[in-house]
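First, the structure itself, so that you have it in front of you.
Labels A, B, C, D, E and F are assigned to the chains in the order they are written; within every chain, residues are numbered from 1.
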Amino acid sequence: MATKLHGGFFHSTLRKLQEQNVQIHPHNLMYPLFLVENDDAVQPIPSMPRISRLGINEAKKHLEPLVADGLESILLFGVIETLPKDSNGSSADSKENPVIRALPKLREWFPNLLIACDVCLCPYTDHGHCGIMNETGIDNEASIRRLADISISYALAGAHIVAPSDMMDNRIGAIKQALISHGLEKKVSLLSYAVKFASSFYGPFRDAAKSAPSFGDRRCYQLPSGSKGLAARAAQRDVEEGADMLMVKPGLPYLDIVRQTKDMFPNFPLFVYHVSGEYAMLHHAAANGALNFEAALKEVLTSMRRAGADCIITYYTPQILALIKAKSL
Amino acid sequence: MATKLHGGFFHSTLRKLQEQNVQIHPHNLMYPLFLVENDDAVQPIPSMPRISRLGINEAKKHLEPLVADGLESILLFGVIETLPKDSNGSSADSKENPVIRALPKLREWFPNLLIACDVCLCPYTDHGHCGIMNETGIDNEASIRRLADISISYALAGAHIVAPSDMMDNRIGAIKQALISHGLEKKVSLLSYAVKFASSFYGPFRDAAKSAPSFGDRRCYQLPSGSKGLAARAAQRDVEEGADMLMVKPGLPYLDIVRQTKDMFPNFPLFVYHVSGEYAMLHHAAANGALNFEAALKEVLTSMRRAGADCIITYYTPQILALIKAKSL
Amino acid sequence: MATKLHGGFFHSTLRKLQEQNVQIHPHNLMYPLFLVENDDAVQPIPSMPRISRLGINEAKKHLEPLVADGLESILLFGVIETLPKDSNGSSADSKENPVIRALPKLREWFPNLLIACDVCLCPYTDHGHCGIMNETGIDNEASIRRLADISISYALAGAHIVAPSDMMDNRIGAIKQALISHGLEKKVSLLSYAVKFASSFYGPFRDAAKSAPSFGDRRCYQLPSGSKGLAARAAQRDVEEGADMLMVKPGLPYLDIVRQTKDMFPNFPLFVYHVSGEYAMLHHAAANGALNFEAALKEVLTSMRRAGADCIITYYTPQILALIKAKSL
Amino acid sequence: MATKLHGGFFHSTLRKLQEQNVQIHPHNLMYPLFLVENDDAVQPIPSMPRISRLGINEAKKHLEPLVADGLESILLFGVIETLPKDSNGSSADSKENPVIRALPKLREWFPNLLIACDVCLCPYTDHGHCGIMNETGIDNEASIRRLADISISYALAGAHIVAPSDMMDNRIGAIKQALISHGLEKKVSLLSYAVKFASSFYGPFRDAAKSAPSFGDRRCYQLPSGSKGLAARAAQRDVEEGADMLMVKPGLPYLDIVRQTKDMFPNFPLFVYHVSGEYAMLHHAAANGALNFEAALKEVLTSMRRAGADCIITYYTPQILALIKAKSL
Amino acid sequence: MATKLHGGFFHSTLRKLQEQNVQIHPHNLMYPLFLVENDDAVQPIPSMPRISRLGINEAKKHLEPLVADGLESILLFGVIETLPKDSNGSSADSKENPVIRALPKLREWFPNLLIACDVCLCPYTDHGHCGIMNETGIDNEASIRRLADISISYALAGAHIVAPSDMMDNRIGAIKQALISHGLEKKVSLLSYAVKFASSFYGPFRDAAKSAPSFGDRRCYQLPSGSKGLAARAAQRDVEEGADMLMVKPGLPYLDIVRQTKDMFPNFPLFVYHVSGEYAMLHHAAANGALNFEAALKEVLTSMRRAGADCIITYYTPQILALIKAKSL
Amino acid sequence: MATKLHGGFFHSTLRKLQEQNVQIHPHNLMYPLFLVENDDAVQPIPSMPRISRLGINEAKKHLEPLVADGLESILLFGVIETLPKDSNGSSADSKENPVIRALPKLREWFPNLLIACDVCLCPYTDHGHCGIMNETGIDNEASIRRLADISISYALAGAHIVAPSDMMDNRIGAIKQALISHGLEKKVSLLSYAVKFASSFYGPFRDAAKSAPSFGDRRCYQLPSGSKGLAARAAQRDVEEGADMLMVKPGLPYLDIVRQTKDMFPNFPLFVYHVSGEYAMLHHAAANGALNFEAALKEVLTSMRRAGADCIITYYTPQILALIKAKSL
């Protein structure tokens, strides 16, 4: 019937009853931050226009207006330049690690801010891979023990959330067990990069995190992009091992997987990582006049929420907070 | 794992991400009102403590503080005492009908209030049944034509929503077609009492609406309480015929049917009628000290929302608005 | 099409093919019984009209006509008055415990009766909580070991079913493991109170079981009423730990959860506890003339079965057996 | 856990709670009967050992002991030998048609027996196809009008169920409309051969019904065996057009389709036709010692019920009633 | 278990059993072509680098190598420059329309090529909207009659598929009925742009098709991007009205909707339109070094197939056919 | 609408888009082979016409033309006549076991052939049961340790797949753990007879495998045919314990279970065993003229694929490869 879609929308109370849970509130955003050793550094990242690596003092200046505008959570990545890289990734949780040093300060400066830390070895190993290597490749058992240790260090330093990004089997169980052993399991959430695909959209990020591997190619255990079955089994495994929250990465090319993951685990908050290549596509297409930036950004965010994302990790967080403030979102 | 349910709840931002869409906002409530002919009447209903039938002037006084407290929608029932009852239910849409007379005034007094009208013949027929009778019982074709006419009268008088409560086959199609013929299909919503069970919990209502049948027993086409299959097919039928919104009635003993209906039709706002017998159970159990009234009321509302209700039609609306205002809900 | 619901029902063979598995047979009922130390006691419970705590000799008299009328299963609760309450709940499985003493007699007197025992610490601890306390609250590990010990005592005394009602994490796994260690896993069923909500409908029961806590409020690990997600995860956990059968409690305000649980675990018998507050609502509403008792009771039972309950635990079991006997159900 | 499947089955009340709705009661069986013109004929069918075409007097003798053993329903096929076959299938509903003649007698002799009539043209057309032909093939519109007329004739002669077996588009709507026009829609059920596959298992039936086409091959609109999608769309179409009950045919090679159809339409009784080729496979394999007949028959029936069949149409009905009587089923 | 994902993949036969239906074959691609009046024109489109509008003679030259490389289907858009635009869109099906003129030639030149035609009014109306306007906006009834007429013209000129892109209610039913009236329903497929969102990714296309509206903004009845519910209801409506195949548009930001649509209608081939804005994002990001073009294109195609697309309509078809030919896809 | 099923099929590219994944390719077939001790033996099996037990030299001759015709995988069963049977089934993995001896040769002769080995004790125990017995029956723990040992022996001898057919609880976990301990978990697949019903269709097989038990009746832990619930729980258990692939056995009477299993575990290759009794039914019915053998065989294969089978284990493999070769399948 020609009109049947329109009889239920004409009054504001009716529209509230039709709402579909796709709005963007500040708690639906998580802002990634690259922290460097030099506390006063500001290092622009060429492949990610408008994004810089920051020292903790500059991070404070950068975050203050955003927190004032409603920012509720951040995701920290450490980037080292002078600290040593070795086979064990020792700098991942040394006292000088920029994330370890920043956590107590951030907790003090921004007492309500929810702080997550990416947990991986690749920024700290001399070979640039995400685990400990032995003669036949990655040593899974040694790697997950190491990741559990690093997670505990971040938790003790003040992280609310630890987020292992490596995709190795069983690291969720290992970290959860370590949290329990330290009595931290009710004070620290475990956010799993459960469904992380091997993707061509990560290029600029490796530039930002200085984490390209020195040899080899496809790193870690990332999923092949055609396999929705492995995506389902990976999420299932991490839930069974104790993940509190799940992530799908990248975003736009995997919205069907976002839907699948939310449908399988409706009771677990779902994060989507709007990755650097997606950031770049939007930027360059708008810069070349092919898209209206603001309209396209809104559409992308709405689409991620519609597909099932509870929280979007995005470099565009400052722009989005400004749109919320201006009530144009 | 002993702790796996607790790692994701300890920070307020995390709790926002775990929200389950069970809060009660004013737009989740619809308040039923019984309107009588005498504009200044206040007629307490013995079987429903604290509820009265009202004349339009008293209704205005009664509604003003509620609208001030946030009330967003009401559901009108007409009750006649001196107007004639006949086989055709002529008083249902005569100029003197209390609902017809009240609609323009209510629209003027409360311009943002969403106003629904119950549509049925039983309060206006001399036999008290919901349709036009012929020698073999209810004449379905004649009845649905009559219901369509009454719906148009209410719509033209100012109703935003017409809500046929009779459960006769095909009355949704008949009313929708009439709305289209009058160019009203985008200005008037059709809320179907799609899943209305024959229930022992309606007793006090019949007292309120003065609508007990003069002969016969099980009125109209109400569904047998054991049949989830017929409930599914009735909702399906009404959606196919053009319903904009659906209702399940009663509430508490049919929460599984609320879930079933919302799962089948997630894109249609779902109403639940918290009926008079449920009102009485809560009242009398609390009055006898077996329940804490406020705690039990909150639990019932939460349960209805959890089961899938978008809007709850309840006589307790004033008390709930007060709880919302006091931020205790 | 107006008639499409009616063409398949006019012949008795057709109606059999349309049956929806909502009838009440005796095996669909479980009758709760409160046993006290004094074998000849009859203690009426003021907040639950017509229900009494009984000594075992009176229980025998009470059960004999019911078993003759078809009663197939009971659920035993122990209530102590002179036996000591301590921090370890020692009286839960002492030789003098009324349940321990009653089991061999009941097995002898009623050889075909299926006997379940509620397993919890709260009736036997001096603080009235469901577990063993340490300085920071409930000690989960110590508590589940204690619950496993009690379960074995009941099993050895003759219980067919042990039913832990505490909702602590992992007590199902602990009890199942204990049953296996004692070679009892094929002779004793484990019925989990898997989905037990913190509810305002438990008030009269605490009176009956003399189990109100001496301090603190919301006891144990009961679920928040708005969370269907936690309900799903709790049932999943218990199934994975070895539960043979599941329970949802309370009944009427959680029929959507009954449906959800049955849909998730169609192959596990599902029990619904029609709790004391529900008992009271029906009683008082009928006593005040707002409901027809028998019609409302039938509707409630039918609704529970329709929602997916295989067995209903209800204080109205005697009245229902009488209705079955009179072929009016 | 090794024992987790066994803890819930050891007591008879527990087993009742585990029942899975796969038993065979008499109302789960429908017995096909081939009726010929000569009232006293008994014509054995060579390709279906132990099955004969019968005249009505012999049918009476054959049915009497079966009805005594509990037989509840039959399905009638007419077979003509001397009556004329023409392009219009005129003998399908002439007064001399053996089904038309038998219906009033069967209703009188067996007043509680539910009687269904197969409705098709192929036994009565000179070309042996299921519809009216025009120059380009089957004339769909003319065919469904003819099928509606025949259905009315059978209904007026006493059939409780009319069962069109032709699979032409829209014949369900046409017959339903005709039933409504004659005021028969609440007295006659419409059982659609909704999901009938083109199958190699129909061979012996064509012998029984003398209905092999004189030219052409794949008759009517039967579905290709690989297409579960068309099976779903065909059932959907017939439900929308007003079918009261659905059939899948054949049985064993299509049990997944039985499941799919029952899952899609849980509220419509589902019939499965255990066809002549299946009858033959069981017979010959048992006769050659490869199978135990009784065990295999029970397994097949159980499998059909497990897959979702409410009623099984089978030539083995007499043997099954005997097994029920002997309590060995 | 660390290794559980790897035990089933090590042998080529095992990998075949794990295949996930995500490969790209030529029949999974449809190539859009903009046809202009001047048969020898080649008009590059500035906002879509490497894409040109073509006259039919140039189209022939352009298609010949692609068909040789395996191209199986194309989608035609007409673009007019000198032909008149009027309120009725008369040039849409005039004899001079470039699509009407091209169809017989394309059928002759490429006898195995499957040819689809976009059907809309916006390229031919003077106001640039997709329908016939009356004083209050779009006249739905008049518009769908006009669209049905145009569809018949294209079908008679040789189109295998007509693809209405306007999203007006009921145009699928109107076109299907027209096809049936002309005896074309088994020779012409109806591909519905059933799920077409109002999107910011259409900009360059409007340049290509010269179809920006002269006034007003959001054209036609396109869906709001947040509403998965309306997407479901729109697809349902078109299936019920007779669509043979469905489309979702745009692609990447709506992959969850692709999944939803395929899950709802698994038996209908699903097309995804990889739109001009997506084309531009990939192009500009690669041109600026942020992405590897070939890797990103493959990932996007794989993602669309994984989400449920049977056929991808993409401007990159020539590059993909080259990759298939080089066996690098 | 009469024609709505036909508008999408008329062009070969359209038909490719409608494909339903039901074709039979060689990788969809697995051929069972019974190997005896005498390398040159050919022992016809009376109850399975045309099938023989073979010595390895005869097996080579038998397989060569089949591999040439495309055969991709086989399933080996060992049958012993002179080797000892004892309580431990020692001959199952002795050096003289015909399967152990054949594996290296088959790997050498047919380097691309995928080779699976049935793993069970029943052909090798003196009592003919599938496990190690103790005084109370089967000793589950001892049995699964023994099965794990045998699996390792077969794996080391060259098996690509080990397929335990015994249905004992937890043998999948035991075998997987053993494979991991030997570093074989990425080189050997674990195919679980996860859903194996106690069936009357196994008779001829026991003749072929000489494995009828010497006492007792229903062997091992096979499932009751009426229980789809236990079938679901058995598959779930095996997936959780590490199965790489699943099997349903028998085929035709359990196609609904095939569907259920594939729906639950879409990402695990699903095998169906077309068992000896099914083989016999088809053979004898065709031999007696009741069925066309080739048409019925094709229909059965298509039905198994449609129900969800990725691979069919069938004694008819040679005939099917011939049909594929002749392009008549």
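The definition used in the following text is that a contact is a pair of C-beta atoms (placed from the backbone, for glycine too) under 8 Å apart; a residue touches a chain by one contact, two chains touch by 3 or more.
Owing to the predicted nature of the structure, the values given are computational and were not obtained by experimental measurement.
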### Summary
Intersection of contact sets, chain A vs chain D, gives B, C, E, F
### Message
Find the pair in A-F, D-E or B-C that has over half of its contact pairs, by residue number, in common with D-F.
### Response
B-C
### Self-contact between copies chain B and chain C, residue sets same or different by half
same
### Summary
Whole-Å distance, C-alpha centre of chain C to that of chain F, is 46
### Query
So what's the Cα centroid distance for chain A and chain E, whole Å?
35
### Query
chain C to chain D: how many Å between their CA centres?
46
### Of all residues in chain C, the ones touching two or more other chains
1, 3-4, 18, 229-230, 233
### Query
Quick one: do these chains touch in a line, a ring, a star, all-to-all (complete), or other?
other
### Pairwise chain contacts under the document criterion
A-B, A-C, A-E, A-F, B-C, B-D, B-E, C-D, C-F, D-E, D-F, E-F
### Task
Would you tell me which residues of chain F are touching chain A in their complex?
266-267
### Task
Mind listing the chain E positions that touch chain A in their complex?
1-5, 18, 20, 22, 47, 140-141, 169-170, 199-201, 203-204, 225-230, 233-234, 237, 252-260, 276-277, 280-282, 284-285, 287-292, 295-296, 298-300, 302-303, 305-308
#### Entry: Complex contacts: residues of chain F adjacent to chain E
1, 3-4, 6-8, 10-14, 16-18, 21, 25, 27, 72-73, 112, 114, 160, 176, 179-180, 185-190, 242, 244-245, 268-269, 310-311
### Query
Inside the complex, what are the residues of chain B that reach chain D?
229-230, 232-233
